[in-house]
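Below is one structure, written out as structure tokens; the observations come after it.
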Amino acid sequence: MYSYDWSVITRNMDVFIDGALKTLEISALAILIAIPIGIIFGMGRISKNKFFRLISSIYVEIIRGVPLLVLLIWIFFVLGQFLKLGSYWGSIWGLAIFAGAFIAEIVRSGIQAVPKGQMEAARSLGMSHAKAMTYIILPQAFRRVLPPLASQFIMLIKDSSLVSVIAATELTLNAKNLVATSFRSIEVWTFVALIYFIMTFSLSLIIRYFEKRLLKSEA
Amino acid sequence: MISIKNVNKSFGDHHVLTDVSLEIPKSNVVALIGPSGAGKSTLIRTINALEPINTGEIIVDGVSIHDKKTDINVARLNIGFVFQSFNLFPFLTALENVTISPMKVKGLSKEVAEKRGKELLTSLGLGDKFDSYPSRLSGGQQQRVAIARALAMDPQVMLFDEPTSALDPEMVTEVLDAIRKLAKDGMTMVVVTHEMGFAKEICDEIVFMAEGKIVERAAPDKFFSNPDTKRAQDFLSKVLNH
Amino acid sequence: GCSNDSGGGVSTENSTIQKVLKDKKLVIGMSPGYFPFDMKDPNGDFVGYDVDFANALGAALGKDIKVEYKQFTFDGLIPALQTGEVDMVFAGMTIRGDRALAVSFANPYFQTGQAVMLPSSDTKTKTWQELDVKGNKIAVGIGTTGALLAKDVFKNAEVLDFEEFPSAAAAMAQGKADAVVYDEPAIAVWNLKNAGEVRALEGLISSENLGIAIKKNDFETLQWVNSFLASYIGSPSELASRHKWFETSDWLTEVVEE
Amino acid sequence: MYSYDWSVITRNMDVFIDGALKTLEISALAILIAIPIGIIFGMGRISKNKFFRLISSIYVEIIRGVPLLVLLIWIFFVLGQFLKLGSYWGSIWGLAIFAGAFIAEIVRSGIQAVPKGQMEAARSLGMSHAKAMTYIILPQAFRRVLPPLASQFIMLIKDSSLVSVIAATELTLNAKNLVATSFRSIEVWTFVALIYFIMTFSLSLIIRYFEKRLLKSEA
Amino acid sequence: MISIKNVNKSFGDHHVLTDVSLEIPKSNVVALIGPSGAGKSTLIRTINALEPINTGEIIVDGVSIHDKKTDINVARLNIGFVFQSFNLFPFLTALENVTISPMKVKGLSKEVAEKRGKELLTSLGLGDKFDSYPSRLSGGQQQRVAIARALAMDPQVMLFDEPTSALDPEMVTEVLDAIRKLAKDGMTMVVVTHEMGFAKEICDEIVFMAEGKIVERAAPDKFFSNPDTKRAQDFLSKVLNH
């Protein structure tokens, strides 16, 4: 039977740490690109301009309809024909385009969740639609959008495990390689699952803390 | 001041306003009463074009509100609107609620806007609430901030859609008092309300609506003592007879 | 068909060699886990017979040429070459006619074949044909010649496609597969490492030639690689590399976690 | 340059169809297992029994904190030590355990979304907590839970693309194999993305249709 | 019938009921009035243990409601409760709303439960609404279904928490009429309400609460004409003076 040897973890701690940092780096860059994408297309989804609305819907629906794995492979091998992206930027852009569609929906519903009366009150005071958006609606949407945006970042950390298929170095790829040379799949994968859990769970605790504070400050 | 001419309005198949006409002279106060679903809210909201109309015309202070050539954002400066549910901006303090539109729409400086805002809030009994957020205010206080916010644009006309219906009973008085004061100062007003005593006291005319039509118009004394129509009699008997 | 770029005059404008010389960088595609050709040591460095080879090839292009390695699953290597993600593939890749429709191969640099690995608990099986019964599972690395061959010759047994050899071997170790079909040298190494747990079936199912893959119809590069290959094979450094990776097992302690 | 040859699609249509059917089959079996898991742990999350609540929270938090890719590998190579699962059932159970945690959250929030007054009204009529749950709360939670449950099934179809890493045959693995023999990565991956999109998008249209009908019938 | 003894209740640090004691004899009708936040809802909800208490005792028809040995589900059969927001079960028809508890709790057969349910609904003027879902009923109709639902358990005591506050004004009468009829039939009742005229008319006693305490108890005539406490005078002047 299998005999455990957990020393493989301690001896290769640097591999795990490097991988985890790379995972965070890729996820952070991806969300930084995804947020403007999401804001643009999220506002597009409720824009009065038919064409903009159509484009935004197509983007959101297609991206949300295709598995990330397939999207990453597609971006890397198909888009990669025309743009020289490389593994690193290919994976960041792949994740960003993917997350962007979800953020667009977050932004859209954040705006729509602001009660209708707010827009009516602003308009009744003589504000134009644009002014009402800028000064009244968006500041309120922003507060609503922050928590789901943070959750999206947690999702992204998990989703980034998939970029190992397009050869971008991060925690999962490092783990695969370590398993390939150490043959200690049980120990390595258990520890990798633990690292992901620690990263995402501690982040979600932080988010919950700030959410509570936000709720309190509004009461 | 307000002239409503043959207005028709429907939501899809549902005809909500049928051929409504109404003249409201300057400094007059009109109470709009009637059963739920009569179209009171819809009518008052068409006056500042929060609700579009199908046919007809509405003229406020010489401006045709629903004319496509009218810049509605300019026209609305003349028309204050107070909502049943206050609709204060929750992320702004009472004073900021009152000053944001003068600053962003009229382009007043912060100092000027705040000076006027503080005057208005103080005159409405909110002199100690400038920096309070709406969630820290009682319903009555919130509604008074909303009135100050509308007044800050110096409108010629004020519209109120059930301004006290969302309030706890002991807060109704403070809001009605504020409206009373405006009436005394000669503001032209339309008030949708279920406060019959109040309507009787301050209004120049009662307009009774049912099923999208104006069923009866009368002076308050006449209306409450001896309404002409069966529909108004029924309504009054239900509302006054608790 | 590839009508655009087949035939025609030999253009050197877009040749990989020119590009490498210009960028001072040679990008090699590799799928680590293929012992002892392509591996990653615990530091994350690529090592193995192919790596020595590619480093020598890079050095022959110029002292200032940097050789860079990129990791793919085996089935991702040819697409990566096609899209220009990598300049050459060193991955113990078997020269096959169908692959040669997609990429070009330099001359063979190694002869080997497909072997069958069994758990040592299976003491009965003598030939691969005995494994071809319903219910048996044969683990392979997706897209490898082992996979293509296994799907061809095993009519009754089920073929399971894993991402790479180590996953396939691990699946067999856990009883999720009854055998692994893979290149003989890799199985030999696995056997060394896991002596007592696995055994290799005697004899090969096929014999094959391994080649370096380059972009299709890049004749200048092809020509140059072939020339280099002729000079490298049998050179003292190649002989040393071959000795190290194939005739001793000392490197196992460097590369493989103990 | 790459020259396109779309005939690889038509010539191998059976491979795509088989793969898509296998994808649907795996996803359907996984959700059938995931729903009872989700109901049990979703009710556990709001149970009065501390131990049950703790167990449910641990399950939900851990599973939601670990990438599916890592979870699948872990279940296959680590759990697989003790249970003989194989690729097919390993991937179905992996997906089910993963989706179960998300369904638990759907069930929990479905129950919590029933207005508090409903429980109070039921209790004030003399119903025990269990009776109120059975006759008043759950029937209402059920209606709320259906649409997100359907979306979870769509997610599962996309997530099932990951089981290719543990050698379970479905659309993505078939595509990988086809690319490995035809080297037509662009054509194959574009078409695969299209198939996933068609599967998920048509399903989401169906869901939206039923959602609208549900909304109407409630108005 | 209802005996509330030294009840204290707090939400965390916030003391909401302070040493509240109140005796309500059989067939008496008590109106609970007072400003918002006084603790009226909290008090009436402690009577059927929808809200737990910290100290004190509440006895209804001889049963100590907050005693751990009491089976609260049995005790509640004796106490009907009507909510401000109706809380009808939206997926059940009016008749099903009324029959579900008799069937599932008392184990009545469908026939028996429906017979009684139809009687009750009919007596409340809802003879044509048996199969209507709540969303198809007006607020006044919904609240009357809620009253029928509570009565279907044949309680000895009925509790009402602002039963007309969520209603459009012209629907208030129909609900008050229903409560009036119960009072006439001798039901023991506690009604939290802001309908002062109604309280004056049907109640045997007015209980005025403020800040978690019972500030004044008096017969209606006395209370509305000449309240003893300053607090009650203030409150009445605000509520009656529109």
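Worth pointing out:
Just so it is clear, A, B, C, D and E label the chains in written order, and each chain counts residues from 1 on its own.
Throughout what follows, a residue touches a chain if its C-beta (ideal position, glycine included) is under 8 Å from a C-beta of that chain, and two chains touch if they have at least 3 such contacts.
In this text the structure is predicted, and so the values were computed from the model without any measurement.
Contacts with chain C and chain D are shared by A. The set of chains touching chain B and also touching chain D is given as A, E. Per-pair counts of C-beta contacts peak for the chains A-D. Ranking all chains by how far their C-alpha centres lie from the centre of chain D, first place goes to B. With centres set at the average Cα position, the gap from chain A to chain C is 35 Å.
Centre to centre, using the average C-alpha position, chain A and chain D are separated by 20 Å. Look at where the CA atoms of chain B average out and do the same for chain C: the two points lie 80 Å apart.
Chain A has residues 77, 81, 185 in contact with two or more other chains. In chain C, 79, 82-83, 163, 170 are the positions where the chain touches two or more neighbouring chains simultaneously.
Under the touch rule stated earlier, the contacting chain pairs are A-B, A-C, A-D, B-E, C-D, D-E. Residues of chain A touching chain D in their complex: 2, 61-62, 64-71, 73-74, 77-78, 81, 158-159, 161-162, 164, 172, 185-186, 189-190, 192-193, 196-197, 200-201, 204. Against chain B, in their complex, chain A makes its touches with residues 115, 117-118, 120-128, 131, 135-136, 139-140, 143, 218-219.
Within the complex formed with chain C, the chain D residues making contact are 1-3, 5, 76-77, 80-81, 84-87, 90, 164-167, 169, 173, 176-177, 179-183, 185. Within the complex formed with chain D, the residues of chain E that make contact are 48, 50, 73-74, 76-77, 79-81, 83, 85, 87-91, 100-101, 104-106, 135, 146, 149-150, 153.
Within the complex formed with chain B, the chain E residues making contact are 35-36, 138, 168-173, 176, 194-195, 197-198, 235, 238-239, 241-242.
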